[in-house]
Amino acid sequence: MTERVEVRKTHKLFIGGAFPRSESGRTYEVTDSSGTFLANVAQASRKDARDAVLAARAGTTAWAKATAYNRGQVLYRIAEVMEGRRDQFIADIEQGEGVSSKKAAAQLDAAIDRWVWYAGWADKFAQVAGSSNPVAGPYFDFSLPEPTGVVAAVAPQQPSLIGLVSVIAPIIVTGNAVIVMPSPVHPIPAITLSECLATSDVPAGVVNILTGAPGEVMPWLASHADVNALDLTGIVDAGLAADLEREAAGTVKRVRGPKPDADWSATPTVSRMRAFVEVKTVWHPMGV
Amino acid sequence: MTFDYAPAPESRAVVDIAPHYGLFINGKFVEPRSGNYFKTINPASEEVLSEVSEAGQADVDAAVSAARKAFGKVWGPMEGRDRAKYLFRIARIIQERSRELAVLESLDNGKPIRESRDVDVPLAAAHFFYHAGWADKLAFAGFGDNPQSLGVAAQVIPWNFPLLMLAWKIAPALACGNTVVLKPAETTPLTALAFADICQQADLPPGVVNILTGAGETGRMLVEHPDVDKVAFTGSTEVGKAIQRAVAGTGKKLTLELGGKAANIIFDDAPIDEAIEGIVNGIYFNQGHVCCAGSRLLVQESIQADVLAALKRRLGTLRLGDPLDKNTDIGAINSRDQLTKIEELTESGEAEGAQRWSPACAIPEKGFWFPPTVFTNVTQAHRIAREEIFGPVLSVLTFRTPDEAVEKANNTPFGLSAGIWTEKGSRILWMANRVKAGVVWANTFNRFDPTSPFGGYKESGFGREGGIQGLGAYLAVEDPS
Amino acid sequence: MTSTALDYSNADLRALLLGLPGVDQIGAEGRVAMLGTRSIKTSSKVFALDLAITMVDLTTLEGMDTPGKVTALCAKAVHPDPTDPTCPSVAAVCVYGDLVGVARSAVGDRVHVAAVATAFPSGRATLPVKIMDTHDAVAAGADEIDMVIDRGAFLAGDYLKVYSEIVEIKQACGSAHLKVILETGELKTLDNVRRASWLAMLAGADFIKTSTGKVTPAATLPVTLVMLEAVRDFADSHGRRVGVKAAGGIRTAKDAIKYLVLVKETVGDAWLTPDLFRFGASTLLNDLLQQRQRMTTGHYSGPDYVTID
């Protein structure tokens, strides 16, 4: 018996619910912590970013119309699907980050639990962030958070899964679509996540994952007129972050700055959700 | 003989304008280290009202340093309930000096006394009352159990609602425990300087509020100052973008309230008479110098002729003239520069083929004036349908179906406000849900209240002012991730 | 052109009235509040006070009215300020039908005589009685008839009944002018005020009038605004100018001037004539006179310097 020849993976991008190759045709090699080849990963280009924006715009348009109850169910379903792929996720984290399988499992647990946490927010956030405003006049006046639209995000380098989930979930739970760049060094958990998303109930275009170099792709997203906001959480290079913020000013994008020292094990606050909503206030007279 | 209104001027005797003002730094009026001064005029007569100081870098440094010191030593550590009492004091003094402030505002800005008296000044007082109450209740505002002040806030405000914009900026900043350096607009410094006097009258600790007069360069130095923690700007989208670029990478918390090109949407089942009032209030209030002005009238094509006829008849009753006359509806354009901009854009409207109409109205000889103007035959492609004119100029467009109304309303880089006029409740909510605008007025327009958050989508800026949501702009929230 | 009961079915009227644009109450109140800030001083105040006096329907509508009371009222109507011959007469005296003769002989043709008819103020009588009431008043010398509509029928949706009654009374009036009292305090909503205004104008009213004065609230600025908008729009679409009478609750010159501002800025100067705008009032006149004396003498007047009739 000869040893079986393994089927090596060449991972692709995740755009609009499909798995295209990079338009540029480029890939790069991802290795484990000891330098052993793990997989070929697509290296996104500016044209992939452009395609992702189109997909994300379509995604948020449909997703924002879904009921909050429905969005909560969809997020919860992601947690369910991830539970079914535990071994793969644990292996991805273990190999990529070079941590023990116990630590990898703990990170996966936290990531699944984070989906559940945010799933529960879907139909509560508007009650916490919205208000009825007692104006001094015969008007009914209320404020509600609405999704900002298309958010381009950079997930932290590490921890590769919980960091990614902690960036994506608060963006999409309120009805936004996200174009996220996962850790370029440890992108495999993001790819596994995209396979989960494709087989869950998340509508196409709501989450788009571009593997590759943020320094190359993000400037195109930061200057893209149809992107509404940037989440620079995972940007380590302060100069790049400042450049992206400057680019964002071209269309007055909302920017959440880098957070290199984030504690992903702590229970989040609502501030990530707040960062990517617009408060809309409606006035109406009360008369007969 | 007909029933005409005799002149009914509000008395100027209630204001005492000094011939010269210094900068308000650390609780005192001081001469500018820059040694530069500029004049502020009455736009209705071009009469020089006073000479004010132009703050330079050394003045900005001094003001920020005073604010920093006051934040660290006095205002930051002060109990919320005590900060509240100072804000209540300020609110009361604004009420007590309301007539003086209204006259001063109308003199310096050119807006009708009816508006400064009935809108600007009462709302400014209301903003201080509202935020005073928050100062010791911030833990209940939904920004965590222990929300912290940010530090020193640099605030730059426009000339269209000088005192009111000051209140929108200073009241929440102080309630949340920050100290401020505020720069009023170059053409309207006087009520901010009167406010400095009010701070003294209230015994507000020195350095908590600093007022620097000056032009764009002073504003730039202020927002770029390295010891500033928060930047809040209301003004043009162009300057807002420059500020966003300037603070990029500094970690300064930023809120921007910028331009707009609001759609005021009239359906065929609208309460027409009130809708006409809403159109008038939407675009001719404050000479159209309103970022959330309803400058694009989207009227359902089936009633266009009736609405235009009624609107034109109504515009014939507007009274343009002396801002201090209690019966004036349309005051002076704030500055020659602004008048030139309005003229340039309206000329482009004609050149691009839109039809221009204004009621017959006498224009005073001196000062800066522009008659209420309506453009018909306007398309989405015209500059007057896309660019903010910031003047009493309405562009009329039509739509056929609710979907088309939404599409046209949203077809702009701006997203500050919108108006919806229909007697059908479910249509209001359907529309309100779809228009991308931070404030939606249904069967009303241009209403403001300190409890009601205000701010835009898209290039109209970000962050909210007023309401519980507005506090978030001046608080640091403990946030592990 | 006279209207007849056969012009419309009830369904036609319902469709027409319910098809009128709605009135947003808060917006209408906001509009009158803004107009209430108009500052009318010096020469325009002098003009407005005299104009208001000429628009007054000086009214007494009490169970205790007597020929003596009416005669005194008539004297006052003709010479409101006996100390000042430049003071104009009022527009009309307004009395119950049985006192029309007394009033007419007292005023001659110097002012109009208006009679309330049609089972004023409730309107609860059969049509023949209402017609007879009208005939009586006209025969006794009334040249203006103030009728009440059947508010019950209006609120029950029987627009045709309201319409038909107005048509019949208009015919009974002959050459006398017909003022149709909507009793807006019982119609409650401004939408109803607009609908009732149109119903009355379509049926041939020469004037539409807010109130009997027996129901609170009587005339209000928002109600009058909506009625003025109705006559303005009716003139545009039907080419006929209908007058408006604000009656009840207007007691001060300051209030009256607010109404004149409302007229000026809603329908324009054309309506600023007693032919098209009236105040139904009793105590208002004395305040107008006191303010008039203040303007002519330069000092404040007192209640003992105007007559109490």
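The first chain written gets the first letter, and so on, giving A, B and C; residue counts start at 1 in each chain.
Quick note on the criterion: a residue touches a chain if its C-beta (ideal position, glycine included) is under 8 Å from a C-beta of that chain, and two chains touch if they have at least 3 such contacts.
Since the structure is predicted, the reported quantities are computational estimates derived from the model, not experimental observations.
Of all chains displayed, B has the C-alpha centre closest to the centre of the whole protein C-alpha set. Among the pairs B-C and A-B, the greater number of C-beta contacts is found at A-B.
Chain centres were defined as the mean of their Cα atoms; on that basis the chain farthest from chain A turns out to be C.
With centres set at the average Cα position, the gap from chain A to chain C is 70 Å. Distance from the chain B centre to the chain C centre is 44 Å, each centre being the mean of its Cα atoms.
Inter-chain spacing, taken between the CA centroids of chain A and chain B, is 36 Å. Residue positions of chain B touching 2 or more other chains: 443-444. Counting partners per residue, chain A has 139, 285 as the residues that reach two or more other chains.
Residues of chain C found to touch two or more other chains are 24, 26-27.
The residues of chain B lying in touch with chain C in their complex are 1-8, 114, 118, 269-274, 277-278, 317, 326-327, 423, 443-444.
Interface residues of chain A, counted against chain B in their complex, comprise 128-129, 131, 133-137, 139, 141, 143, 166, 225, 228, 238-239, 241-243, 245-246, 248-252, 254, 257, 259, 262-264, 266-272, 274, 278-285.
Those residues of chain B lying in contact with chain A across their complex are 126, 142, 144, 237, 240-242, 244-245, 247-249, 251, 256, 258, 413, 415, 428, 432, 436-444, 447, 449, 451-455, 457-462, 464, 467-469, 472, 477-481.
On chain C, the positions that touch chain B within their shared complex are 21-24, 26-28, 30-31, 34, 37-45, 47-48, 51, 226, 229, 260, 264-265, 269, 272.
On the side of chain A, the complex with chain C involves touching residues 138-139, 285-288.
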